[in-house]
Amino acid sequence: MLTSNNLQLGWRREEMAKRTALDIPDGSYVNLGIGIPEMVAQYVPEGREVIYHTENGLLGMGPAPTSENSDPDLINAGKKAVTAIPGACFFHHADSFAMIRGHHIDICVLGAMQVSKQGDLANWSTGEPDDIPAVGGAMDLVAGIKTIYVITQHCTKTGDPKLLEFCSYPLTGKAVVSRIYTNLAVIDVTSGGFKIVELAPGISFDYVQERTGSKLLIDHQYND
Amino acid sequence: MIDKRIDSLTAAVADVFDGATIMIGGFGEAGSPIELIHALIDVRAKDLTVINNNTGSGHVGLAALIENGQVSKMICSYPRTLGSKVFPKLYRNGKIELELVPQGTLAERIRAGGAGIPAFFTATSVDTPLAAGKEHRHFNGRNHVMEYGLKADFALIKCKCADRYGNLTYNKTARNFAPIMAMAATKTIVQTGTLVEVDTIDPEIVVTPGIFVDRVIAISDPVQESKLIAEGMSYPC
Amino acid sequence: MLTSNNLQLGWRREEMAKRTALDIPDGSYVNLGIGIPEMVAQYVPEGREVIYHTENGLLGMGPAPTSENSDPDLINAGKKAVTAIPGACFFHHADSFAMIRGHHIDICVLGAMQVSKQGDLANWSTGEPDDIPAVGGAMDLVAGIKTIYVITQHCTKTGDPKLLEFCSYPLTGKAVVSRIYTNLAVIDVTSGGFKIVELAPGISFDYVQERTGSKLLIDHQYND
Amino acid sequence: MIDKRIDSLTAAVADVFDGATIMIGGFGEAGSPIELIHALIDVRAKDLTVINNNTGSGHVGLAALIENGQVSKMICSYPRTLGSKVFPKLYRNGKIELELVPQGTLAERIRAGGAGIPAFFTATSVDTPLAAGKEHRHFNGRNHVMEYGLKADFALIKCKCADRYGNLTYNKTARNFAPIMAMAATKTIVQTGTLVEVDTIDPEIVVTPGIFVDRVIAISDPVQESKLIAEGMSYPC
């Protein structure tokens, strides 16, 4: 067990969100999960237009409102107040999940409790006997959206790795994650396992490997 | 003459019987028909199966209905919202049953129930514990589970504007489950912010056609769940 | 074979439609098929309000327009110009057939080529080799709507009975018809077979029986 | 920037490939995207499978596409409309394939295709020749057949009003199949009566959200099929 799991090392939450936003192409339809994923919307690079879907029934979700224009009937999937951009539209839940299940959303960014080297995701339940299971739309999102990005701290609060050979928690979906953005690195899920495509400033391959529960590969640009 | 207007909350839900299955609209407090839920507490129907995305917050609305011991089973996707205290306690004590359904599968099951589709296949939940015991089948090289249409004896929903035919429009994301629940229930009971004359709503913008609605009651100034919770209110007080 | 099949005997088309309209309760949601069924809308008794559904996407269908207010985008399932009543609404085909399949429409009035004594309906194809099969919404209507009324001439143009022991044409649905309104009688489909509940003025039981391909029962009010 | 507007009819359909499956909106002439269909005749894609409720009338629009030998298979519910002359002749001569689908099953199959549902059960067509060879199954004591979701490579549809995001509204019963076809096609190509700025359409009344739309072309004064037929027109003339 590692003695230090300083979360200030590597990227901060905002930087993780910003790094993720770089990988979202102009014109994408994107669903953002609760937590750090929500912050991605603030960092879309200049010149790109991205449309955000929130599964409770809005396409064209805008930023949080000021207190005057807040409406308890206008919220996102995390039940936080949001706004609607010009060109937005509202629809009911079956139509909203038709967008998800029917492969119409391009990218989904989610949080994670665990990710396995084959891209299995666990983010809804610890499976503990007294856990109140709550799944929300997570299983629909990973089953229906082709590109699933995960943003997560590299380790748990107690310093345990979240990137593993196999998930020990109940799965949200099997082989669904494409890329993981942690505070330490950007990591692709490949047929050979986890592969580092970018390291956070000041973070070494070995440092990340020590905090990862599966062998890491590295993109050739870091390989010398 | 077709006139679905009704002016007593208690009368609106008076025929909800013990053991009924009830769909309740809303995603969190957005779209929650809180006055109708409180009326249901007043009429004391019990042993209810309730279908809602969540399990309510604080001690008002759906949480109060559960706390009042009227609900024996919840069918929902996310039973532990922030501020949800009532359900977790009862669930841990084995006092209430839970059928956990992924949110999109829940929506599609309700829509199927309303559209006369008894069962369908979806890839959602495959390879997870929620697919356990379900019939699996491959289509286009991918594994799917079979899910059943979901119907109810009653639906309680909230809308923005209604006419005497029961044509409805909604406000923003408060629409959520209401249009599909209206389709899937034998009796659909609606609380509306405004009641208008029958030629007021443009036929192009009706979201729920009146055919899916049985009763409409005007609640022009509904209470706001989060405000009640912030004030520490409970129902019945 | 009967030598005379004078269609003027018994009820005229308008009278058949009018008689059918008597059986549609106040507040019903009704789908009317093409032909004589369409005429039923004109004869709703005073004091009743009935809402008409046309499966191409309108609830609240009104009468034919005058030539000035005709819109080629506002038609019924028979592709004829119609109007929309105040309180009408438009929707797409999947929602429209959800109303049908989901048992939301109370009554459907259809035409028929053949009806069997157990209520089987044939109204979409003769099954002849050079017939172009065309079914439209007929099978959805009979499968999804509990009360199916049929309006039809009692016999074909060549004098053959349309009410039979068994349909020889391909079925639209099995055991779906509740009541039949012909030019000669109103006939219920019962567990014992066809039962006359009303005879057209001047028409005798025997006259109808001679033109029917199955044994007729009679309601006791005519039975003495 | 998201801008789905396009200004050439030929460019709008240029990538329709031989052998493609194409959904074409419309119920009779109401909602028929006749300018897009004529553009498809111009670009000469062939061996097409076309999904439409009917088979066109006279010698324009869908009937002309069929008459021009570009369609090898029709999936529809009612191939013999009044005025439909082209299809019956080809069908009787074995020159075109027909998959006859009950209208509601057709609509639901398209909706399922768009919603990611590979298959569902319906009671429609049970005990009829159209259920022959289909998998049967009892639910709630009633027999049902299994039907498959239907997708397409392209959808050609017509709407009343559109913006650059592809948000659409329709005119009256011209809506018919368009919203569900837009969902079920890989590329959805729309002809619209009006193109408006992105903040013009009220978010509450959008019928087809832009996510389902790929290209929008303004045809402000579309020809009317029945008028062309009355004038004895044919395409290409």
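First chain written, first letter: the chains are A, B, C and D, and each begins at residue 1.
Keep this in mind: a residue touches a chain if its C-beta (ideal position, glycine included) is under 8 Å from a C-beta of that chain, and two chains touch if they have at least 3 such contacts.
Keep in mind the model is a prediction, meaning the values are calculated, not measured.
Taking the definition of touch as given, a chain qualifies here only if it contacts subunit A and subunit D alike; those chains are B. In this assembly, the C-alpha centroid of subunit A lies 29 Å from the C-alpha centroid of subunit B. Taking each chain's centre as the mean of its C-alpha atoms, subunit A lies 57 Å from subunit C.
The geometric centre of subunit B is 34 Å away from that of subunit D, both derived from CA atoms. Residue positions of subunit A touching 2 or more other chains, listed in rising order: 58, 84, 90-91, 94, 97, 100-101, 144. In subunit D, 108, 111, 115-117, 122-123, 170-172, 203-204, 207 are the positions where the chain touches two or more neighbouring chains simultaneously. This structure has the following touching chain pairs: A-B, A-D, B-C, B-D, C-D.
Partner subunit B is touched in their complex by these residues of subunit A: 54-58, 71-76, 79, 84, 90-94, 96-97, 100-101, 125, 127, 130, 132-140, 143-144, 170-174. Listing the residues of subunit C that touch subunit B in their complex gives 26-27, 29, 47, 49, 51, 53, 59-60, 84, 86-91, 94-95, 97-105, 144.
Only residues 108, 112, 115-123, 137, 139-140, 142, 144, 148, 169-170, 172, 202-205 of subunit B touch subunit D when the two sit together in their complex. Within the complex formed with subunit A, the residues of subunit D that make contact are 1-2, 111, 113-117, 163-165, 167, 183-184, 198-199, 201, 203-204, 206, 209-212. Against subunit A, the residues of subunit B that register as touching in their complex are 27-31, 77-82, 87-88, 91-92, 98, 100-108, 110-111, 122-130, 170-180, 207, 224, 226.
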